[in-house]
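Presented sequentially are two complexes of chain A, the first with chain B as partner and the second with chain C.
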Partner chain A sequence: MAETVKLFVNGQEVEVESGKNLIDAFKVIGVEIPHFCYHPALGADGNCRMCLVGIEDGRPPLVPACKTPVAEGLKVQLDTEKIKKIQHDVMELELINHPTDCPVCDQAGECTLQDYYMTYDHQASRMRVPQVLKGKKMDFGCGVIHDQERCVLCARCVRFTRLITKTGELGIVNRSDEARVTTFPGRKLDNRYALNVVDLCPVGAMTSKDFRFKQRAWFLSRSSGICHGCAKGCNIFIDHNREKGGDDRIYRFRARHNGLVNGYFICDAGRLSYHQENEGRLGTTRLAGKDCTIDEAVETARRKIENARKPLFLISPNCTLEQMIAIKGLATARKGRVSGYSDSYIMEGDGDDFLIRDDKSANRAGFAALGIDTTLEAFRLALNEADLLVNFNNDLLRSEASGTFTEKLSALTVIAVSSHDNTLTRKATVAFSVSSYSEYGGTIINQDQILQRFTAAVVKNDPVPNMIEVVRLLGGPVTDDVTITKAMQDAIPVLAGIEATAFPTAGLNLKEKETDHVTA
Partner chain B sequence: MTVKIKTLERQGSTFIEKLYLVEVFRGMRTTFGHFWRILLDNSKSYVRHYPEVKPEITPRWRGRHRLTTHEDGTMKCVACFMCQTNCPSHCISIEAGERVDGKSEKMPIRFEIDLLECIYCGYCVEACPMDAIRMDTGIYSVISSERSSVVKGMDELLATPGAFSEEDYKKRGL
Partner chain C sequence: MEVRILSRKFDIADAHLLEVAKQHGAYATLDKVFAMPPADVTDEVKNSGLRGRGGAGFPAGLKWSFLPKGVDKPVYLTVNSDESEPATFKDRYILTRDPHLLIEGIIICCYAIGCHDCYIYIRGEYTTQRKALQFAIDEAYAAGYLGEKVAGHDFKLDVTVHRGAGAYVCGEETALLESIEGRKGQPRSKPPFPAVAGLYGCPTIINNVQTIASLPFILANGAAAYKAYGTEKSPGTHLFGISGHVEKPGMYELPLGLPLLEVIEKMAGGVWRGRKLKAVIPGGSSTPVLTPEEAATATLDYESMAAHKTMFGSGGIVVLDETVDVVELTKNLIDFYHHESCGQCTPCREGLGWMLKIVKQLLRGEGTIADIELLRELCDNIEMKTVCVLSAACTMPVRSYLDKFRSEFVAYATDRPKPEQA
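This part shows the complex of A and B:
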């Protein structure tokens, strides 16, 4: 912990980190100061007045907590009658024109206004005049739906487009009860991070068109995960639910804070990439295009691998380190070649300087850490010599550039171990259905050499095996956790010094430890 | 606090009672007394002649569910999922969608109640913020030869009328 200061909260002495404002500093020690407009990523705006706190013997005696840095000996009052009255009055003001349409509002259940009403207000409305009516269900573009009546004018969304994306599509027009958030005429939201305003909005004013009416917030289980959309490895919440009579299904991704990787935000493409976890999956294990049991498939695949003179094992750059180690073990045992060639995952020029990366795979850095070749030359050479291709979830033909392989591939026997249905699984002699990244756990390294761990979030009714399990069935020697951990520690020595339970939640920056890091 | 103890006298310990046979015939006298009385004059029966005579249902009685409508015929339900959330037997399943009749923003596109799973507790009625679901149809008998027809869909729930006038329903005192 950085430097600390001692101050008083409601007469009680506490020690908090210095250099923060009161809201952030107190949050760490479990003291909540209510606020609408303040957000750590957007800074203090001080417009909502909900975070006003009293300072004993202070000049002025009332300060907004978001704009007040912690100071030695500060006597902060949070529970005086005056502060409670202010919180109550601010809540009453916010609710004057609030439509209270919680039954149809997607935010209900995770709404700051609802929570604060129960904690700080809890009074019936005194308003006897008709409410001001504003625009509802306005399409702001980029899949954002805005409801002006629900808005508390905290300006988080406005500040997001100005400070973070620097596009400034949103603004607040008019004053007093006519004030409203809107876009400029004919210029809707147009940036690749726009859906973050849905997360940012403390109330239900900004909702996602994609998630609209799909689920109520309280039905969803929130599991932590890592987005596999690009090489950034943004941290996400995987919100999923098993409906009555249905299967465990993902309904949305939300940004999860990780200061080391993505901060508070994720891109829209990553946010909507949950669709790929639900759809287009290779549901069943197939033998020559027909559904079969896993035993039949294993028998055929084993025979083919054993009979092959030069098998080529192609690994997806989305595989975890554990999976890569297991596959490498199998390849070594079968005297085959391993390739991580996956140029088809790279979309040149698509990335930006914020979160989106050119490389649309999650663990390419893992190839380097484990010494797996990824070059086109080596792959082409291996492919020409090979008589069997065992493809581990590598979507080789996902982009046009890979079309040159189709001729060679058509002459080759292919065994596909895949989570999704693609061209290669359709032409494969044997296709194993395996779990995807929301259903297994593992370790990945992102483009900035941050090593992150994630655990399984979704548990299907009929779970398909993890890729490591299929590798074991195919005769891979390295498949149990202990051996894999050992191999991983050999490849990344810094891991050896870290207990599994003490692994940092934000991930491990491998660059910082470069001095004692020796690549295998 | 003192515990009150009431001692009950144990019956059946006399010699005649222990013979059983005498007691059996005394019991049969009661049974056949009723038998002959009802056989000679059916109207003297103490029980209701169900199903020819139906019981009187009060507005408080929780029967089969229905979905209510506004006066213009549009559905009151806004698919807030309160009933589904509150349901202890998980018999309600709803799928929400965009509202098309201009009343609000949201409406159910699928609303199913599995009457075999329902325990008729009435929590859905209590939870509903729109007074959209009621159990005032007065239907207490749900019979079917197949399971699927006991899962009531939205159309059927909307089509079922209430058995009471609006005033009587409001007066039920809940």
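This part shows the complex of A and C:
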């Protein structure tokens, strides 16, 4: 903990980190100050007036907590009748023109207005006059749907487009209770992070076209995960649910705060990449294009690997370090070559200076850490000499440029170990269906050398095996946790000094120098 | 009763022209001022007891002394000429009839506070006034009173007129700054106060037109001469705009401290048409109303008005005769403040609209006693919970109408016939 100050809250002395405002400082010690407009990434605006707190002997005696830095000896009052009355009154005013259409509102169950109503208001409406009517289900572009009547004018979304994306598509027009968030005529939201306004909106004013009406918030299980959409490794919540009679299914990704990696936000492409976890999966294990039992597939695959003179083991840059280690072990045992060639995952020029990276894979840095070759030259050489390709989830042909390999591949026996259906699984003699990153746990290193761990989020009704399990079945010698952990520590010595339970939640920065913190 | 300090040249033909103004003493104080150290100019203003004439009455010299010392940033003077408070019509006289008085005051103030760029924020509706002011500024530039060397002294000063777009809230000093900077006119949270971080984040002094226009007299004749007028705590003169149900509405310059009713009687000819006095709004629409009994003991100064639980305000006195329907008046008042609420913060944005609808409901004969209680409660719930005082400028007078004329509201709620219309 950095420097601290001692101050009083409701007469009790507490010690909090200096340099923070009252909301953030008190949150750490478990004291909630209600607020709508303040967000740590967007700063204090002071417009909602929900965070007004009393300062004993203060001038003024009433201040917005979001704009008030902690100070030695400050006597903050939160539980006085005066403050409770203000919170109650502000809530009443927030709600008088709110449609209270919770039964049909996507935000219900995770709505600040709902939560605060129960905590701070809890009275019948005294509104006996007509409400202000504003725009409904307005398509703001980028999959964002806006409801002006539900809006509390906290301006988080407006500030997001001004301060974070710097695209400024949103603004508040009109005055008084006619004020409303809108876009400029003919200029809708147009940035690759727009859906963050849905996360930021404390109420149901901003909803996602992709998610709305699909699932009630209270049915969703929220698991932590890491986005595999690119080499940034943004932290996410994987919101999933097993509906009665159905299978566990992901309904959305949301940004999960990690100051070391992505701050408070994720990109829209990453957010929507959960669709790929639900769809396009290989699903079943196949032998010569026909579904088969795993035993049948293993028997054929083992024989082919044992008989191969020069097998080539191709690894996906999305594999975890654990998976890579296991595959490498198998290859060594079978005297085969290993390649991590995956240029097809790189979209030159697609990245930006915020979160999106050119490299659309999650663990390319893992190849380097484990000494796995990724060059085109080595891959081409190995491929030309190979009589068997064992492909571990590498979508070699995902981009046009990789078409040069089709001729060679057509003459080659292919064993595919894959989470998703693709060109290579379709031509494979044996294709093993394995789990994808929302269903297993592991370790990955992002482009900035931040090593992160994640755990399985989704458990399917009929789980397909982890890739490591298939490697074991194929005769891989390095497949148990202890051996893999040892191998990982050998490759990344700094890990040896860290107890598994003491692993930093934000991830481990492998760079020796100071980290480039994302302060967003 | 009348004293002609600010309005000395108001009745002189063409006094808005530099040539005429100079014949009557315009810019005569500058040589004296530039011979003084700037700190002495501030002291002179402090000693004069001049208080801000925008409504709040904050001592002008004291405000200037809040400027941080030794900051490596430009200092700005912003003259608040947004005069938008209903019933207030004093600054417009200075702008059209003696703009050079204002410019002279600006030069004095800028010299005192070390400002070389002054902005005059003028309300959008003041078309004639802006033209007159700009004409005078152009004349002052041409004659060397503004520009690289002010009146031949080694002091540079530029004055820019910035037009508002018709928002009452832009008279609030930080909303005014936002507007000049090109953004939507919404008040800023304070602190920081403008003297520390104002226009473009730089130290800024914001004074009302009349405050600045009072400076030439103070510097020419000394603080003591100014203090000879008015009361000890409210020295000097003020431009009072008297309107409403009087025989002779108009603008009168008077020393502070005169009895309110006497002024209405002697200057404005008393309540018109032989009617009885119902109430007096003492200083613009946002000041709580006075009943005839209260008005009888009130004098026109900051202290007396505070003692009567109202405010001196902007000197805009509105006289209401016995025919006035207070509920209608309350509706008009809330209508204005609701329309002018910037919509930034919750209590003002949502609350004023609700209050307006409640009063309208009452006027339609659909209201209840509970609505009156709610209206009264909302005044308390909204007031002083907001970023600026716009909502308080509405709830304070509304509360005074509710408390002092409750029977009229009750009459609407209980279906009694409306009071006779004028």
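Assume the second predicted complex is superposed on the first by the 512 of 520 C-alpha atoms of A that agree within 3 Å, B and C clash if a C-alpha of one lies under 4 Å from a C-alpha of the other, contacts with A are read in each partner's own complex, and residues count from 1 in each chain.
FYI, a contact is a pair of C-beta atoms (placed from the backbone, for glycine too) under 8 Å apart; a residue touches a chain by one contact, two chains touch by 3 or more.
Everything numeric here is computed off the predicted structure, so don't read it as measured data.
Novice: Could you check whether chain B and chain C clash or fit when both are placed on chain A?
Specialist: Aligned on chain A, chain C fits beside chain B.
Novice: A:Arg175 in the overlay: touching chain B, chain C, both, or neither? Say first, second, both or neither.
Specialist: Second partner only, chain C.
Novice: May I ask you to decide whether A:Thr505 touches chain B, chain C, both, or neither, giving the answer as first, second, both or neither?
Specialist: neither
Novice: Looking at A:Val132 after the superposition, I want to know if it touches chain B, chain C, both of them or none. Which is it: first, second, both, neither?
Specialist: A:Val132 contacts chain C only, not chain B.
Novice: Angle at chain A, chain B to chain C, CA centres, as a multiple of 10°?
Specialist: 90
Novice: Let me test your reading of the model: by the given contact rule, A:Leu62 touches which partner, first (chain B), second (chain C), both or neither?
Specialist: Only chain C; A:Leu62 stays clear of chain B.
Novice: Of the two partner chains, chain B (first) and chain C (second), which one does A:Thr455 touch, if any: first, second, both, or neither?
Specialist: Neither partner.
Novice: A:Val90 in the overlay: touching chain B, chain C, both, or neither? Say first, second, both or neither.
Specialist: second
Novice: Of the two partner chains, chain B (first) and chain C (second), which one does A:Gly245 touch, if any: first, second, both, or neither?
Specialist: In the superposition, A:Gly245 contacts chain B only.
Novice: Quote the smallest CA-to-CA distance from chain B to chain C in the superposed model, rounded to whole Å.
Specialist: It comes out at 25 Å between the closest C-alpha atoms.
Novice: Which residues of chain B touch chain A once you look at their complex with the stated criterion?
Specialist: So the residues of chain B in touch with chain A come to 78-82, 85, 90, 93, 96-98, 104-106, 129-130.
Novice: Looking at the complex, which residues from chain A come into contact with chain B?
Specialist: Contact set of chain A toward chain B: 101-104, 108, 136-137, 212-214, 216, 218-219, 243-245.
Novice: What does chain A use to touch chain C in their complex?
Specialist: It comes out as residues 44, 46-50, 52, 62, 64, 67, 85-86, 89-90, 92-94, 96-97, 126-130, 132, 152-153, 172, 174-179.
Novice: What part of chain C is in contact with chain A in the complex they form?
Specialist: 167, 184, 189, 338-354, 357-358, 360-361, 371, 374, 381-382, 384-387
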